[in-house]
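Given below, in the form of structure tokens, are the structures.
Note that chain A is present in both complexes that follow, paired respectively with chain B and with chain C.
After this line comes the complex of A and B, so read on.
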């Protein structure tokens, strides 16, 4: 098989497999795992846009996810805006904050951008905790309605059950995968690739690197906001504890474990680690976090391309 | 009111300054943003808690133990993780966060999730300075910061090891040519940073209640200060610490504590827009 046909085959297999998954597993816990993995996959895909495409490290994505979650919730609950409108608002606001932070911090090389995203992620959490008048502070916002999407006057889909929500999330995953794939082969995708490999060279051939970097960061944070909105309406409760630095860190580990800069990586990593994370609630979450930290250090030292990179190397070896 | 807020701010500033000093030296010399120092800060507080409260050792001796523990962990991090990471060209900042996660959760397993407090038997008397009050103990910490910061600066300027550290920070290859091994210097720089952070963590343990995530907040503020002052600049660190420490207490005192973290955020965004390399920083473009 040629690589293109193999990829197509794998992709269609993955699509069919993901569509039938909740029909095979009837247990509500496994369906919960699937939905959570799906939401994490969306977030890690958004993170991979900056890390994999542009080589920028963002450690504040949980904060942006939180902005999205609060925006969507408040729009739906306070202003009675329909669910999809809330999601759109969430994307716009987190994207705006992404641009606000990206614009100044992406002008500098080195550690600046990472440190700034890290600090901002934490400060957003502090905002969620302290701006009690808007976010209800540490108490969080309970009773978020399950989303309803109206199709015409009579018909409306209510995503109350886990299976329905799974398909909603899956739709977004397919959409983002498509966007990412098209994006990768667009002018902006190629420009970002040039930035990742050699920024000065990119500048010298006339790529306005700063604008592209800010642009991709804003897009990425907008998708993080989307994941936040989906998360809020699935859990039906949000509080500052769901969007901490630890979560940003998890997403980052998921991305690295799966392998950054690929289509499959941001799907494999979250699937694996979400299961580990949710299962660890039964024995000791601290142990799982130590495992995460250790695997992170080992991966950046010995396996910088993650699981996908390793698989690709194996396949290539066999073909040669 | 004003002098009280000012005194509180001065105290916060000296804590921030001590923590960011180690960070900025490590960042300047080794080019490592060592977030794991947050873990050392927490470790310092817990060691002093166990040594002084549970085992009943004298407080100063307990602080010494904290420094020792922090330096040991810092040096182990440096040898096991940072140096291999630098050699392989891996991102040391990610490694630092991995270490922070490991330290905090190991501590959670060992020490438990409860908040700990303990009272000092001495230094609780109030001093009156210009219509404001501050405990003797806090005043001592401010004075110690006033003494430690210049002595670290003098150490870097005058001693042989300090000169070696500066040489490596300016040019690694050049330093290696004249016989300064960057491995040794790196270990030594980490010990300085770790001892500053560990000592600060130990000294504030009798003042704040702390749990295993104690260091996260302060490390965020310390990095804001480091960026504000310019990476690797000691002058900048002092100015940044004063502005953030006092400003934060002013906002908490006059407006509301809700907004005191806003100060950190606004300052960070502002400095990045206006002067991204920090007030005393070299241009990093």
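After this line comes the complex of A and C, so read on.
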């Protein structure tokens, strides 16, 4: 099989498989795992847009997810805006904050940008905790309604059940996968690759690298906001504890474990680690953190390109 | 030959200090269309600094740079590149994890069509053919057409340098600044590089190069400027430079 055909085959297999998953697994717990993985996949895919494609490390994505979650929740609950409008608002506001922070800080190189995102993540959490009049502070916002998408007066879809929510999340995963796929075959994607590989060389042939960096950071944080909105309406409760530094770090690990800069990586990584995370809640939540740390060390030592990178290498080896 | 030709690049009184260290002081350069100008000098003489200043990678403390009649002294690197003034790098820069074809296609960034519609649904067949044809032409120009699918870092060193030039050609330079194009090349590779550069010149690109390989520079350039400690100590045709006592004392004599 040619690589293109193989990828197409794998993709269609994954699509069909993911569509049938909740029909195979009827247990509510497994369906919960699937939805949580799905939301994490969206978040990690958004992170991969900056990390994998442009080579920029962000350790503040949970903060942007939080902005999205609070925005969507407040738009829907306070202003009675329909769910999809809330999601759109979440994307716009997170993306706006991404651009606002990215514009000055992306002039910094390497580690300095990482530190800025790291600190922003912390500051966002502080705002979620202390802006009591808006976010209700550490108490959080309970009773978020399950989303309803109304198509005209007659037809309304209610995403109350886990299965329905799974398909909602899956739709967004498909959409973002397509966007990520286009990165590999478009002028913008190539400009991002140029930034990852050698920014100065990119500048020297006329690529406005700073604009691309700010642009991709805004797009990435917008999708993080989308994940936040989906998270809020699934959990029906949000509080500052859901969007901490530690979460940003988890997403980063998930991306590395799966393999950054690939299509499959940001799907495999979160799937694996979300299952580990949720299962460890039965035993000891600290176990998850130990396993996360351990997997990070193992990945860095033995699979610098993540699980996807390793699989690709195995396939290539066999063909040679 | 060069006199009377309209000036492509004019550098006036360009100076740069790094703290107390004077990297370049009062350099003036005049470069006409179709010329090959060489910039030589010992290590630390300010050659690469000159290139960095002209292409906007560094900002000058003093002086003025005019390209195609427009003041570019304060422009950013990508803006200068878009005007057709492109450079290569001393420590050869290429997109090492990407293929030759991808490298050159990224070089053609500013001439490739973009936009949201093309991002979402792909470029039209005609656009693709256009860019394909251009990439092929550039690969032939630097003699790498046979290796298009290879990953850049797997190429031998000489080919990597040629690829670096190929990437810069994507931006349609009318003036190409080459920072040590012959460094680290053996005689065969140097000859290949020179013939590529000749072809580039025939395509209407003016060349301004820095190199240590005196023999190649003497043979290749129409005119040479010699720098020492950030100051121009000589300027003229290669045969005059060879005779200049100051140049012999500071540079040629030391080899």
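Here, the second predicted complex is superposed on the first by the 317 of 320 C-alpha atoms of A that agree within 3 Å, B and C clash if a C-alpha of one lies under 4 Å from a C-alpha of the other, contacts with A are read in each partner's own complex, and residues count from 1 in each chain.
To be clear about the criterion, a residue touches a chain if its C-beta (ideal position, glycine included) is under 8 Å from a C-beta of that chain, and two chains touch if they have at least 3 such contacts.
The model shown is predicted, which means the values in this text are computed figures rather than measured ones.
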item: Touched partner set for A:232, first chain B, second chain C, both or neither; value: neither
item: Which of chain B and chain C A:209 touches, first, second, both or neither; value: second
item: Dominant contact partner of chain A by residue count, chain C or chain B; value: B
item: Touching partner for A:75 - first (chain B), second (chain C), both, neither; value: neither
item: Partner chain in contact with A:88 - chain B first, chain C second, else both or neither; value: neither
item: Touched partner set for A:168, first chain B, second chain C, both or neither; value: neither
item: Chain B versus chain C as contact partner of A:194, first or second or both or neither; value: second
item: Overlap of the chain B and chain C footprints on chain A, listed as residue numbers; value: none
item: Parts of chain A lying in touch with chain B, wherever the complex brings them together; value: 57, 59, 100-101, 103-105, 107-112, 114-116, 118-120, 122-123, 126-127, 130-132, 245-246, 249, 252, 256, 284, 286-287, 289-290, 292-294, 296-297, 300-301, 304
item: Residue numbers on chain B that touch chain A, as the complex places them; value: 27, 31, 33, 35, 81, 84-85, 88, 90-91, 93-95, 97-102, 104-106, 108-109, 216-217, 220, 223-224, 227, 231, 257-259, 261-262, 264-265, 268-269, 272-273, 276-277, 284-285
item: Touching residues on chain C, where the partner in the complex is chain A; value: 55, 57, 76-78, 81-82, 86-89, 93-98, 102, 105-110, 112-114, 118-120, 122-123, 167-168, 170-171
item: Residue ranges of chain A in contact with chain C within the complex; value: 182, 185-188, 190-191, 193-194, 197-198, 200-209
